[in-house]
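Letters A, B, C and D mark the chains in the order given here, with residues in each chain numbered from 1 onward.
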Amino acid sequence: MITLNDYLLVAGILFAIGLAGVVVRRNIIVIYMCLEMMLSAANLTLVAFSRFHLVDGAPDYAAQSLVFFTITVAAAEVAVGLAIIVALFRAKQSVDVESVTKLKG
Amino acid sequence: MTSYNAASVVLLLPLLSAFFILVLGRTVGTTVSKMISVGSAALCFVVSVATLGVTNDSGVLVSFLNVGKLHADIGFIIDQQSRGMLFIVTFIGLLVHVYSLGYMKEDKAQSRYFGSLSMFMFSMTGIVLADNFAMMFMFWELVGLSSYLLIGHWFEKPEACEASKKAFLTNRIGDFGFMIGILTLWAASNGELGFAQLRESLSGGSVSGPLHSAPAWVLTVAAIGIFMGAVGKSAQAPLHVWLPDAMEGPTPVSALIHAATMVAAGVYMLVRVSFVIAASETAMHLIAGVGGFTALFAALMAVQQNDIKRILAYSTLSQLGYMVMAVGLQAGEAGMFHLYTHAFFKALLFLGSGAVIYACHHEQDIWKMGGLSKKTPITFLTFVIGTAALMGIPGLSGFFSKEEILGAAYHDCGWLFTAAAFTALLTSFYMSRCVIVAFFGKARSENADHAHEAPLIMTAPLMLLSIFAIASGYGFFSDRLQAMVPHAEHGEGHYLVMGVSIAAVVIGAGLAFFLYNGKDKDPLNIKLFANRFYIDEIYAVIVKVFQDRLAWIVSGLESIFADGLVARLPAAIACRVGKTARAIQSGHLQGYTFALGAGLILAIYLVVQVLPKH
Amino acid sequence: MPSVLFYLFAAITLLFGVGVVVARNPVASALSLVCSFTGLAALFISLDAYFIGTLQILVYAGAVMVLFLFIIMLLDIKAAEGRQTNYATAVGGLLLAVLFTVQIAMVLGDFKEGNKTLADQTLNLGAAASKTSLNTIKDELAEGTLPDAKLMGFTLFDKYPFQLQVVGLLLLAGTVGVVVLSKRDRGGKEEVS
Amino acid sequence: MGLLELLIFIPLLAAALIGAGLPGKVIARSAAALNLLLVLAAISQFNAGNTLAHSYPILDNPAIAFAVKADGLSLTMALLTSLVLIAANCQIGEGKPAIYYVSSLLIAGGAMGAFLCTDIFFLYGFHELALIPTLLMIAIHGHGDATNRRAIAWKITVYLGVGSLILLAGLAALVVALKPASGLTFDLAALMQSAKDHPLPAATQAWIFTALLVGFGTLVSLFPFHSWAAPAYATAPTPVAMLHSGVLKKFGLYGLIRIALPLLPLGAKHECVQQALLWMLIGNIIVIGLVTIHQQKLDTLLGNSSVMHMGYIFLGIAAGTQVAINGAIILMFAHGISIALLFALCGRMRNQLGTLEFSKLGGLAANAPFLTVMFAFGTFASIGLPGLANFAGEVMVFLGAFDSNINDGFKLIHWATILGLWGVVMSAVYMLRAYRNLFFGKAASGHFMSDPVITQRVSLVLLAGVLLVVGCCPGLITGLLKDLTIAAP
């Protein structure tokens, strides 16, 4: 049978993949997608915990409401992020991470 | 006239006149300042003659420093030694003041000259009256200052400035040793500075006698330190270089300071604190040795000098060597007696040479003079009397005092006696050489040719001094003038000593007459003596290497180490760290995210693995 | 929910997740991300979180990915030309991922509660029924079904009303921001760095 | 508003007024003169037994209060400050901008505050207030080309900044360590009391003393931390050089005597602290002495010589006996006056001659007799000639340092004193060499020095007169210092 650890492990791996993506890829949009993946991995852990931690018989909906809020925030964040990427593209004509070094020390 | 008033008048009057001249000299004009200075010298002389009869006394004039253990005050001692010295200082001081009125008539800075002279009188009386080491040291340096001012009177002449600087610095080196001696005594005697207290503490009489129980090396260090002060001031062997150069100053100055009084201060001080020197055997031997060596050494150099004032300067060095030797041989009274008689005839000789130079229009080289006996009879006569006294011709004052010292040397150790006798021979040799070349024969330059006798104001002191040069040796005068005549317990060698000294005089004079009569050029030509054993050059090299070169090296090192290590190095490190830190902000986003991830993993590792263990 | 389905959907999520990272073409990575999200939604469903599962599909897979594709098309980004992903970051990223998973595995290794299986966490709907005040939920619970959406709504509006308003405001601010950001400033010169 | 508060606030007020635009010359000089009169009044009050102590509490948890108290040491320093202030103001020439007056008044006001306050908080604060105008003036109005001037200003700012920080750390440690039962206090008397009740262990005393020594030492150019001093004085404008080297530099020594010695008696006597201090001051005297001999210009020579003379004062402090400490205080006073006099003359000569190189100058005495006499006073005072103030100080320092038993051989303090004595000879060498090169001998071509006008002479004569008066009867100052609380040796 499936245990809580399995779910957490899946979430962990998903998070790791997201992290690797963010570090490896040079295309900002793909980085952004990996970011979303990391976020959803976190949501998975929350839902797993809410299911496995029963409050007087029913799953713990506080965790799930937190997931609800993260999803909304993520949505807003994606909107703003993509707007920035568009503005960036208009300035640099490229979405490559290497071109964006203005804030160098 | 109690001794307290006398001491305070003699001490403070010259100071007031010097201060007055310093402050108002310019406004009040040179004549008034001259009158004030000479007046104060005369008044001091009268007062010191008055004190000749006063009983021994000592006391405190004004308390200089009174902090915790330290009680340094300006005091005075009136005893036979200080009365005699006071008489010499004020008498010769007065004569020099009067003489200077004539000699310095056309000098343009006369008020400054007389101000410095009064300053000197103040400092010299301070040394004579001093009753503790602090006061002695203070006036020691003030005398150094006044000799600096007087030697450097004609400050346009570069030689005069160099000479005055050299004099002050050599004295200061002597004072360095002097202060070490004083400090050692101060530490060993647990805070005593007064001569009376120190003598008591040394004798171990009273309970407060820690000095008595001080180890021998402490007393030796103290005695040698104090002797170094005398070496600096009385121009003994190592530190004698400044006296011949001090002849750059006006001649009356040389007469007063560099013949009679200031240079004698060293011997006076040694006799005053003889109980400290007596306490250490090695110090006594050292002092006697240095004294004997200086006497011989200076006499050798005097033989080949051509400048009349330098001959007298070296003879002063030599006579001082005698006195210091006497002190070293525990014959302080003989030293003081010689100092006493020497003051008169040496001052006479210097003033005489001043008159000669005045007559030959500032010509100082004896080989350009000649035949002055006919042109300046009074100067010639007084100069010969002075020379006779200096050479030690029997019947004159020099003979008695020098013979005492030779006697002391004879009783103590053989080779010192032979050195002293040989120096006596050399003394009569170079003095007769000087007289023969300068006064006999025919004039060797047109200056000497139409030389004219010095005015009365200059010859009067000469005549007065020649009387004293003759008479001061005899009991009648010396008792009246409180000279410290050693009680003549003539030991068995007395006549031998007498004979040897007379023989030395005769041989010296004869040799000089034989060599120099009628000669126009110096037959002897000993380069070594003429160039003063090249000591000045050696000292110049020492100063150049050990001071200027070392200073250059040290200042280089200092700017590298002190400035570099403490200031520039940290600054450089800060810049270096700053530059490397900048590299972290490289602008590569991937670098940043990687650092982010690495930080995350490290944090997890710490939280999960490390934290629970502690 | 038989365990084999769990492994299936977990595999879908992870593989398509890797797809996102590895895909050359951003469109391909976007689409693989959509699949990954659907796999994830399935996992949510397997955890009886039906509302969140649908929300995941609706918002993430639907809205967010569509926005991504829209932007990719707008900016006409071609496949990453010049595949010279410098190997330093590639290795670094991989290393990070491996290390992270190792750490998660170690943590889960000694996480005792983690071993509870889904089965022994049976929902005791009867007890829950007696607790809630809303009778609609009470009836359904009594019947033995889990009114997931109703319970979710109830908790949201019962415990976190204020937070909802704030999130609403956040969304408004987000949209205004997007409008300002993407407005092409007429006069200003193009800031070319 | 007692006498002492007036002393502190008159210069600051005058600085504000001049800053606000009133004519600088008149206000500055009247403020300085008024300050001197007030100091003399305070001294007479003090001799009559009234310590003029006032305290205005500001905070009670860390008990901070603007407390002033008249004490022999602080009055001597206040007298020094007011005298040097007068001389500094008189040295400011006609066309100089108002900032000259403002900066000198601020420095004097800050120094006055530092010397009169008995609260460590204000003591430190006033010192920093006094330091800032010094740094600014060196940067803006210093001599020499701009880059060099700014570099030196930077160096001195950072150097003294670090020094002050170390000092602050030391003071903080001290205040915390000596916290009396009634809670943290900055008041010196309370700290003194708590130091008596439960003295700190020797080790803590030693390292706090070291921190204070390094902090104060940097402010006073103790040997290894001295490299800021000479260039700073050489490039500083005359009034600032006079005030800083004459007055502000003495704050470090004042601090050591006022704070470090009484509160940390064992600290000073600790074996390795004593050795370190002695080696440092030997460095001060011998190394800087040689460096000074090597100098070719008058202003760098004076800068270095003022660094060297600090060695003697540190020797007095290291010895710690009552005679030595009184000697150190007199030496602080005397050195302040003599170095101020020398810098005033040096500034005057720089303005008129343009150069201060010894090789280029000579024979100035021919037509500047007054200046020659004044320079003679300064030179012979700094050499330590009896009859001038420095001698009394130096002799007491040497006697105090030799106070300990020497029967079992010379210890390091004795060797330090002997090297100090040799330092006196060295100072005679370089001062007389400078005096001879500048004033005597052949008049160098084109360099013509004329005497200052009568009004300018008053301040110089005042300084020389003070040197002479204190030199002839140092009892005036030792009288003030009778009841100074010094930790018994």
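Before moving on, here are some points about what is shown:
Here is the rule we use: a residue touches a chain if its C-beta (ideal position, glycine included) is under 8 Å from a C-beta of that chain, and two chains touch if they have at least 3 such contacts.
Here the structure is a predicted model, which is why all the values come from computation and not from measurement.
Looking at which of B-C and B-D shares more C-beta pairs in contact, the answer is the pair B-D. With centres set at the average Cα position, the gap from chain A to chain D is 68 Å. Annotation: 104 Å between the Cα-based centres of chain B and chain C.
Chain centres here are Cα means. That of chain B falls 35 Å from that of chain D. Distance between chain centres (mean CA atoms), chain A to chain C: 7 Å. With touch defined as above, residues shared between interfaces to two or more other chains in chain C number as follows: 89, 92-93, 96, 100. For chain B, the set of residues that touch two or more other chains comprises 590, 594, 597, 600. Applying the touch definition to every pair of chains gives A-B, A-C, B-C, B-D.
Contact residues of chain C toward chain B in the complex are 89, 92-93, 96, 99-100, 103, 106-107. Residues 19, 22-23, 26, 31, 97-98, 100-105 of chain A are the ones that touch chain B when the two sit in their complex. Those residues of chain D that touch chain B in the complex are listed here as 155, 158-159, 223-228, 287-288, 290-291, 293-295, 321-323, 326-327, 363, 365-366, 369, 373, 380, 383, 385-387, 391-392, 395-396, 398-400, 402-407, 414, 417-418, 421-422, 424-425, 428-429, 432-433, 436, 439-442, 473-475, 478, 481. Interface residues of chain C facing chain A in the complex, by the touch rule stated above, are 1, 3, 6, 10, 13-14, 17-18, 20-21, 23, 26, 29-30, 33, 36-37, 40, 43-44, 46-49, 51-52, 55-56, 59-60, 63-64, 67-68, 71-72, 74-75, 77, 80, 85, 89-90, 92-94, 96-98, 100-101, 104-105, 108, 111, 113-119, 121, 123-128, 131, 141, 146, 151-152, 154-156, 159-160, 163, 167, 170-171, 173-175, 177-178, 181-182, 184, 190-193.
Taken in their complex, chain B has these residues touching chain C: 590, 594, 597-598, 600-601, 604-605, 608.
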